[in-house]
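Note that chain A is present in both complexes that follow, paired respectively with chain B and with chain C.
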Partner chain A sequence: MKNFKANASLMLFVTPALIVYFIFKLMPAVSGLYYAMTDWNGINKTFVFVGLSNFIEVLKDSYFWDSVLFTFKYVIVMVFVTNVIALLLAVVIENLHRAKGLFRTLFYMPNMISMIIGGYMWMFIFTKVMYYLADNWGWTFLDKSWIGDPKYAFIAIIVVATWGAVGYLMIIYMAALQGVPAALKEAALLDGANPWQQFWHVIFPMIRHAVTICVFWTLNSGFQVFDVIYSLTGGGPGRATQSTAMNIFEEAFRGNVRYGYATAKSTVLFAIVLVITIIQIRAMQKKEQEA
Partner chain B sequence: MKKFLVLSLIVCLVLSLVACSNDAVSDPTETTEVGSTESPRVAELNIMMSIPQYMDQWDTYVKQFEAKMLAEENIKVKVNLEMPSSDQYESVLQARLTGGDAPDLYTLHSNNIATYDKAGNLTDLSAEPLADKIYDNVRETVSIEGRLLGVPLESQAWGVLYNKEIFAAAGVEIPKTLDDLKNITEVLKEKGYTPFMLAYQEQWVPQLMTALTLGGKVSGEIPDWVDRMYADNGSYEEVIDIFGPIDLIMANGTDRAMEMGSESGAAEFAMGKAAMFVQGTWASGTIMTTNPDMKLGVFALPVNNNEACTLVNLSTSTTLAVHPDAKEMDLALKFANYVLDDQDSAGLFQACSFNPLATVHNYEPASWVADASAFVAEGKAYKDLVLPSAVTDEQGKLLQEYYVKTITKEDFVKRMDEVFKSSNK
Partner chain C sequence: MTKRLRLTQILVYLFLTIAAFFCLLPILMAIMNSFKTNGELLTDVMALPKGLSFDNYIRTFNKMHYMRSLLNTVILSGLSVTLMVLFSALAGWRLCRTKTKLSAFILGLFIFSMLIPFSSIMIPLYKVVLALGIKNSLVGLSFIYAGLGVSMAIFLYHGFVKGIPIELEEAAAIDGCNAFQTFFLVVLPMLKPVTITIVITNVLWIWNDFLLPLIVISDNKKYTLLLSTNTLFGQYSSDWTAILSALILAALPVIIFYSFFQKQILEGISEGSLKG
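And then the complex of A and B:
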């Protein structure tokens, strides 16, 4: 009885948040599953239940799978690039004796503006500044088709996305680094470990939990990537840099405005992301416990 | 009788002068005493328009109409002119139409004419005097099966923009056929000019090339193509000609096209970086602010060597319609006719900087508008093709890919046919 009372008061406290979550997150997600089985166009009052035909169409939609492939490529590159850079920055800045706060703020700043704006800013850099440098300063290696060539457009997207994400990850890594007991570091130093050994064998195992969080975050946000690509290349040339989220967006709001079909696509995306993050969390948690 | 006529004309003139000078119009009751002995009929007319940016101009025009009615017909009209903000306009209009509170006259986009006609919200104006004043090809954009269903207000004609100074310096004339265009390109290159401005970063800009070439080709040679495409009984193979100009433009344009947005493209074009730019006259704002001395012209993009296919695009947006349930139908029709009035219409259209679209519009428009209108007046214009928006979007995407050479012409045809088919489902 006592237990129940304690639980009840706890429940009471979370109820408002739960209601909001239920109405604005869970309900749309579940009803989305239903709309994925209709031919609703988002405007009409009437629509027809079409069963699984949308999902069958998704399987045959080559544009969709191209975009999934592109997203995978993006996620893999992003997970490595952003985490390595963020960790590197965190370690370097942590070891600074002065101006720690300044650098922390500087690298965190891109995180404070919307990536849509960041994307447009970088668009200016890639389409105007780069060519100015190439034409006037003779830096010909910058004279590439940064938006038009799928290969370089991918690099451009990675650069901008990394610029936007490292600051956030860096803060997480810095917090973790500060949590590593100084005694351990000193002990390693006394045992004659060089800086690399210190980092790899002492510090890194101690910040594994931060790595889990950061990899999880990059995976998750990577699969949903939209704003950077939308503002930088618009998915172009053609569909060469179209992410899955963009493909879904275009299906729902452009062209034939097929809401139901787009919902089916996002359900498929959800399933893919779910499986991958479960695997990732399982694997990383095992590692954490071992350490 | 003659005396009365002269008198009322004088009143009308004085009134319109007063109205033009933007002063408050003198109380109409005073003028009735001068104009006629019998008391005027009192009537009300409700007009709703979606162009609040031209409120002042239309207010003036409505006052002129009220004065004219009082003087000529001895009707004291009170016109209620409403202009809801344009983002709410359609929902307000829809609500009033379905709620049985329809305005006597209202504006709509010409794309919606078919829908509104089906719902019985449009009056056939074919028999009105105004019908004969509108240019034939503009009339087509607001007609269904020969029935004129609205008075066009905002109409736009566009093709390829060109720099008249560069053309004069190189000694070339605007092209009539694809061979002409090829010659011009060669001459311009010899004289050291870049022929075309390419700005393909935004997909709608390369799409303009398919809009113009398809429009010209289809209207000039295979008018049933669009209908057959909708019936799954046609192919882009039939319009492969469109790649004639497209290839020429892409091969002779500025560098870094994929890195060039539409606005910066217009600005660079204004600075004389290239002689021609496939872009609508709506870019004239950016161009003229960048370079106010620009001599801007418009010509129709040739598709092949058949001159019948060399056409400018003509489309109408804002259109004024008369509702069939109007209480004062004769007055509503009089107002519709007054919009294209022999004396006053030109002033109104010029004040709103609308493009001339009827014989009564004899004012001097901007050079690019005049060029495009000349094509329209000669009948060298096509009505915007109605394609599914998925098809238009895809054309833009594929042209980007075609430009960066990730697809071929054959791929373009194949994929466009597929997209059109799936849009028909």
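And then the complex of A and C:
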């Protein structure tokens, strides 16, 4: 009876959050499984249950798997590049005596700006400024088709995405570095450790939780990458830089309007993300226990 | 020794300066070229503009309905975050204070979905939007953001409430406050630090979110800043002076916001992520 009263009062407070959460997150997630098995589209008024045929079509859809492969490539490169640069900047800036706040503020700045705006700004750099520098300043190594050639378009996307993400990760690493007691670092130096050893054996183990958080964040946001590619290459040339999120978006909202089929694709994407997250949590837990 | 130390220091500052320059490069290039005429821009992108003409800005200011888009974005972010904070503070506090199986179940229900990527739910969500008739509704979109954001916010509130003593709430109850009075008069003020974190991270998310408004809003009177900018980019595909001035206009509110609240923003970001 006491529990009943407690629960009743709990429900009173939880209901508003529960309603919006249920309608806009949980229900779409669950009903998606059903829509994925229908031929729902934006043209016909009615739709019917078609079983697993959408999923079978997804398996054979080479554009979709190309986009999955591209997304994997993007995620792997981003996890390494952004985390290494962010950690490097964090360590260097933490050790500064002067202008610490200034650099922190500057490096975080791109993160404030939407990647749609950032992507268009960089497009100007890649399509106008680079050629100018190559033609007039003799920097011929910049004379590449940055948006038009799949290989360089990938590099361009990585550059812009890194530009946008590093500041955020750097802030997290800096907060973690501030948590490392100065006495520990000094003790290591007294024991004759060089800065390199000091970093790997004393500091790094103490900021491991931040590494976990940052890798997790890069993985998670990487698999959903949309804005930066949308604004920079639009998925092109052709479909060479199309991410999975873009592929799903195009299937549903551009041209095809095959909602059911696109939902099947998004279900597959969720399954992939879920498996990778589980593997990652397992691996990270193991590492943290060993440390 | 000191000489070597000095040299490393100079190298460190040099490295950081170059990195900072790279960081600001697209913004600086956009500002510089946005003041040029088309002819100037085509002849030399690296030169300083000949004069400080705001013609491009005036042109794009009107073309992208700047004030209307800005107001839409402010309303959207403000309403979304207000709903999110209110709903999740109520829920997070009560979930923490109630020790029943139901409470643990509901908390789990909120948290488990944090793994679901947005692109996985966007199409069924679009169906919900159509069914509720909230396509092109900024208020409706705010409720969607609240729904998508409550999980993380409840998680943060729940963790924060654990750390505050229950005695104050009990005292308020003895003084005759009902649960809602206790919440608004006693609890909510104590939650201020975590509320600031939640407000900052979510305002930034919603302000810069593109995909969800792109799906829900198609009426250009309801366009957010990003949607207007994107449309303008399509219309002026090769007129870079117009595009760059529009980009600067679109980025301006965040840059101003950042320069005033950078301390709170940077703290909020690291708080939110290390706890979450």
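Rule of thumb we're sticking to: the second predicted complex is superposed on the first by the 269 of 291 C-alpha atoms of A that agree within 3 Å, B and C clash if a C-alpha of one lies under 4 Å from a C-alpha of the other, contacts with A are read in each partner's own complex, and residues count from 1 in each chain.
Rule of thumb we're sticking to: a contact is a pair of C-beta atoms (placed from the backbone, for glycine too) under 8 Å apart; a residue touches a chain by one contact, two chains touch by 3 or more.
None of the values given here were measured: they were computed from a predicted structure.
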Practice prompt. Considering only the touch criterion stated at the top, classify A:51 as touching first (chain B), second (chain C), both, or neither.
Written response: neither
Item to complete: Would you check which partner chain A:256 touches, where first means chain B only, second means chain C only, and both and neither mean what they say?
Response: first
Item to complete: Considering only touches as defined above, state whether A:145 meets chain B (first), chain C (second), both or neither.
Response: first
Worksheet item: So, A:122: does it touch chain B (first), chain C (second), both, or neither?
Response: second
Item to complete: Answer with first, second, both or neither: which of chain B and chain C does A:195 touch in the superposed model?
Response: neither
Response to the item:
Across chain A, the partner (chain B or chain C) reaching more residues is C
Item to complete: Figure out whether A:181 sits in contact with chain B (first) or chain C (second), or with both, or with neither.
Response: neither
Fill in: Contact footprint of chain C on chain A as seen in their complex
3, 6-7, 9-10, 12-14, 16-18, 20-29, 31-32, 35, 40, 89, 92-93, 96, 99, 103-110, 112-118, 120-122, 124-125, 128-129, 132-133, 136, 163, 167-168, 171-172, 174-176, 209-210, 213, 217, 220, 223-224, 226-227, 230-231, 244-245, 248-249, 252-253, 259, 262-263, 266-267, 269-270, 273-274, 277
Practice prompt. Going by the contact rule at the top, pick out the chain B residues touching chain A in the complex.
Written response: 200-203, 256-261, 264, 388-390, 393-394, 397-398, 400-401, 403-404, 406-407, 422-423
Practice prompt. Would you pull the chain C residues touching chain A in the complex into a rising list?
Written response: 12-13, 15-16, 19-20, 22-27, 29-30, 33, 41, 44-46, 83, 86-88, 90-91, 93-95, 98-100, 102-103, 106, 109-110, 113, 115-128, 132, 143-144, 146-148, 150-151, 154, 179, 183, 204, 207-208, 210-211, 215, 226, 229-230, 233, 240, 243-244, 247, 250-251, 254-255, 257-258, 262, 265-266, 269-270, 273-274
Worksheet entry | chain A - residues contacting chain B, complex | 126-127, 131, 145-150, 234, 236-240, 250, 254-256
